[in-house]
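What follows is chain A paired twice: with chain B in the first complex and chain C in the second.
Take a look at the complex of A and B:
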């Protein structure tokens, strides 16, 4: 990889953009690597969590937003809890996911994850909570290759009453809807 | 009558006892060495109960000789000899047998270690038999100190000693005192202005009643010894009479040679041939640069006395002092003799030369500057009045790249050490730059950020977090010019990528090097220096300000790279050592010195006067002495050892062809007794 820094390119300040959106100051990170060391899914990532922060520090927007790492992050918040400089790394991943979708840069290899997120949110938006069956329905329609995945546990869940055929709305459905409106 | 010898074997915790059967050593020694009347072992001989054991047994057993089998004599010989004194035994009847460094630490096998220890102890018992009582040598002390170097270290040490009530002679080879610190803009980690804290100290030193200052002067020679050094100071011809001159500036204003690079401004500004290095200089009186002055050039060409030259003479004409002008072209070097009791060496450092890194374009591109040059750019008293402008076209640089470890930690360039201050001053530079150029961008290439000091880590983090300097972890490979930009090719190992920066200016954090003439100077003083030509301290932990020669102390960066607080602390420490030394009229020193034998007439001395000993002596301690008849005629010229200078190394004794020199405490009889003890057993 090659990083080129010229007077012109300096005008877009990615780190500042991230800070303005989320309040997370990546400049604080001194690259000790503790986040990476404790990350339970780091072994699957294309870039280590500390490298993602490094990308943001150096203004490497494309590298950060097209990475698989931001999608693989399970938001377990171990990194944030342990960071000596109190950088909110897991929250940073959230922001980067948002930005990645907005800019159409989401890594195609992680389409399953983005679709799942979308189906989850759609269900919450509609009913104020998720309806497992209908959410899965949407997800599997959009990602047909996953149609047979995990199907075997369906009957078990049904028999235990964990899946209902009809979605249940919550009482304050409108309030949830308003949250979605506000977040747009 | 033989001696009653006591042997004390130390366990040293398990340092010795793990690989040496100490009980067996004690037992064997008692069994096989007639004259050894008492042996024992103890866990820690150097501890208070251990020393008490020694004191008590000397008295109870009536011991007249003692062997301590323990660590190196360098560690605790002094301790045990002092304990012996308390029991009324002459300390030179106490010997150390080193069974730790020279046995237990180097042999893993216990039976072998035990056998070797027994041998080593036997050798020492044989030596002790031959030991004679020695008396400490008393040396007179001249209550005056010499400080070599007028930077912050020298000034601090001078002030401390002068405040202690002793006379101080300060020698500085430049035209003004102040050294590197006077050149700095602001100082880390507080960002207070260097001039504001330095110049008052310079004034204080100059005005102190106890301090005599010799600027534009160098050390010609130093002879003598602890308490009694004879120093010759060469006062270089300044061409200006310091007593007459008022520093009115008339002369340097009219000087026509205006294109000489100013050393003080690191070549970023020009000065005249008659000049003061900087406006706040002390003394604030000029000096003529004879190399560059056209009058002196003319005089050299025509081979006439400078005053006879008719070229220029503008400065002397402008000098308002009457009737005798303050400028004297014919002035010559003057040698001053002083006697001092102690010396502090504070000769400082130099910055790594520009041209060493061809790949960074140092010395080739005007806009690639050194850290010291950046200090001058950022200094309010500097050539740009503190505005950051790049040297080539005076433009304000928008992107500045700072490269750390230029020369430091680079064994291929002959500089394996860390210069210690660069991480901090680079962080400071980025701050100063950002404070002055708000829209500017500072990039720093580093290998490690080493900021160990009070408030230092916070300072460097502040440069990154608050001032927005971008740190890139990696060395720069190359800097080259493209148009009016400098392309910096580096790496960021944290992302694993190549970094290319189009910079306007590059600042090299150049290494601190020992002065060019450090080696010759150390030889002049007979002090040791390390592989990098920094002067060596006597002991890295316990004697950090003492040099290898008694009475000569070290302060500041001549001993190794360090920052201002550390330099000031070391200078204070050296000053306190000197004050302690000057506090008594007489000094006592170890009587382990060489002696040239003297005999009754008609032989007088077996010395044949070949003076081979003089050639090998590293301390210049061998003098010549005429043995005269009653009528004053010289019968014989023989060597004599100056007790004050002799450090007891024994080189002369080993070299002497007529066996006329013996080293007290280590004479032939004693050494042979040791050798025979191993050879014939």
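Take a look at the complex of A and C:
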């Protein structure tokens, strides 16, 4: 892998920005690669988890925030559990995802994942709880290529009473809406 | 005579295990078992979704506030302990509780967002913890059925154990609490490698290919270790291993046909609560072999 690094990037305060937001100090990482060795999704990633940390160490913000890796992290937290330097790698992925969305840099190749998160949260915002059927519906409408994928499972779930047409509205759904407004 | 005060625990089911949801049999069996052997569970009034992966992956403050609202509601009802059988929920609640305890500014923002104070002295229990703390003697006393030669692979997945520093539950690399419960039901535990591996969790719709690969590895490992069934305590693990099993078999060209049972269902069978009332008819992979082992 060859990446050009400019002096401007090396001098940037990306690592500090990450630390200020999350308390995670990437400078502690000495690149042993244990996080990558135990990552169950590494085989699908464009950059290995330890490379993402390296990007943050070197100020390569764009590389980190446009990577597919940050979205492919399944938050299983095996990396954080095993890190000999106690770097919270899985939690680092959370803050990088957040920054990636804020800056409009989310990798379009993982649009299924970001759309799913959106559909999920829209359901919580509207009802206070997840309405699985309607969340599924929103996701499939926005990602039509996935529409045919669960044609067998969906009806089977319905027949077993595992999907409900009625959304679960809670009494405090307006309070939940206000949480969303205040946490923008 | 002194009357022993009943333990009253706040019940936070979360979205996935309530009636009419994808894993309702987990909620059903948790409640049936609690009715039979306690402790008394009382649903937290008007609870909301914890936001799960989608909130913490995209907005830390939102994720924290959604979780803390539930803890504050429980505090207001006077609960000292909350049971959250879904590990996504229990993990989110515990992490959020720690995050606000460690960060005064976040706590202020969260209290402002939820329009309630949060003191944070409620203990969140996952289902294995609840059983270990309150029910082991009761299971031994009230067990009516002993399964005949039923070998179970206990599958923990991620969220019951990690991050270990925050959750402080069992050994993160080689946990044994589920095996202890399995053995208390009279079943036999098998030793296997992948009990703490990830199933792909929330990628079931967005990156089904990843889920199929990870779950195939898990099913293969359990079957090769000689398991007749896999025990779980997580609705996402269950959905991926049970509902997706036919698809995994097709994709990887191997027949598993291995029942995936909730640990609460196993306890229920040992207590002779009846398979239908425990929701064992709701599974995609037939559970008859497990039910028959308890006959």
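Operating definition for what follows: the second predicted complex is superposed on the first by the 160 of 184 C-alpha atoms of A that agree within 3 Å, B and C clash if a C-alpha of one lies under 4 Å from a C-alpha of the other, contacts with A are read in each partner's own complex, and residues count from 1 in each chain.
The criterion applied here is as follows: a residue touches a chain if its C-beta (ideal position, glycine included) is under 8 Å from a C-beta of that chain, and two chains touch if they have at least 3 such contacts.
Note that the coordinates shown come from a computational prediction; the quantities given were computed from them, not determined experimentally.
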Partner chain(s) touched by A:37 [first = chain B, second = chain C, both, neither]: neither
First, second, both or neither for A:81, with chain B first and chain C second: second
Which of chain B and chain C A:105 touches, first, second, both or neither: neither
Chain B versus chain C, judged by how many residues of chain A each one touches: C
Touched partner set for A:149, first chain B, second chain C, both or neither: second
First, second, both or neither for A:5, with chain B first and chain C second: first
Which of chain B and chain C A:57 touches, first, second, both or neither: first
Footprint overlap on chain A, comparing chain B with chain C: none
Residues of chain B defined as touching chain A within the complex: 398-399, 441, 443, 461, 464-465, 468, 470, 472-473, 492, 494-502
Footprint of chain B on chain A - complex, ascending: 1-7, 10, 25, 27-28, 30-31, 50-51, 54-55, 57-58, 60, 63
Touching residues (chain side chain A, partner chain C) in the complex: 22, 40-41, 44, 72, 74-78, 80-81, 88, 90-91, 93-95, 97-98, 101, 112-113, 115-118, 120-121, 124, 128-130, 132, 136, 139, 146, 149-150, 152-153, 156-157, 160-164, 166, 168, 170-172, 175-176, 178-180, 182-183
For the chain C and chain A complex, residues of the former touching the latter: 15-16, 18-24, 46-49, 51-62, 65-66, 69, 109, 112-115, 158, 161-164, 172-173, 197-198, 200-203, 205-208, 210, 214, 243-244, 246, 282, 284
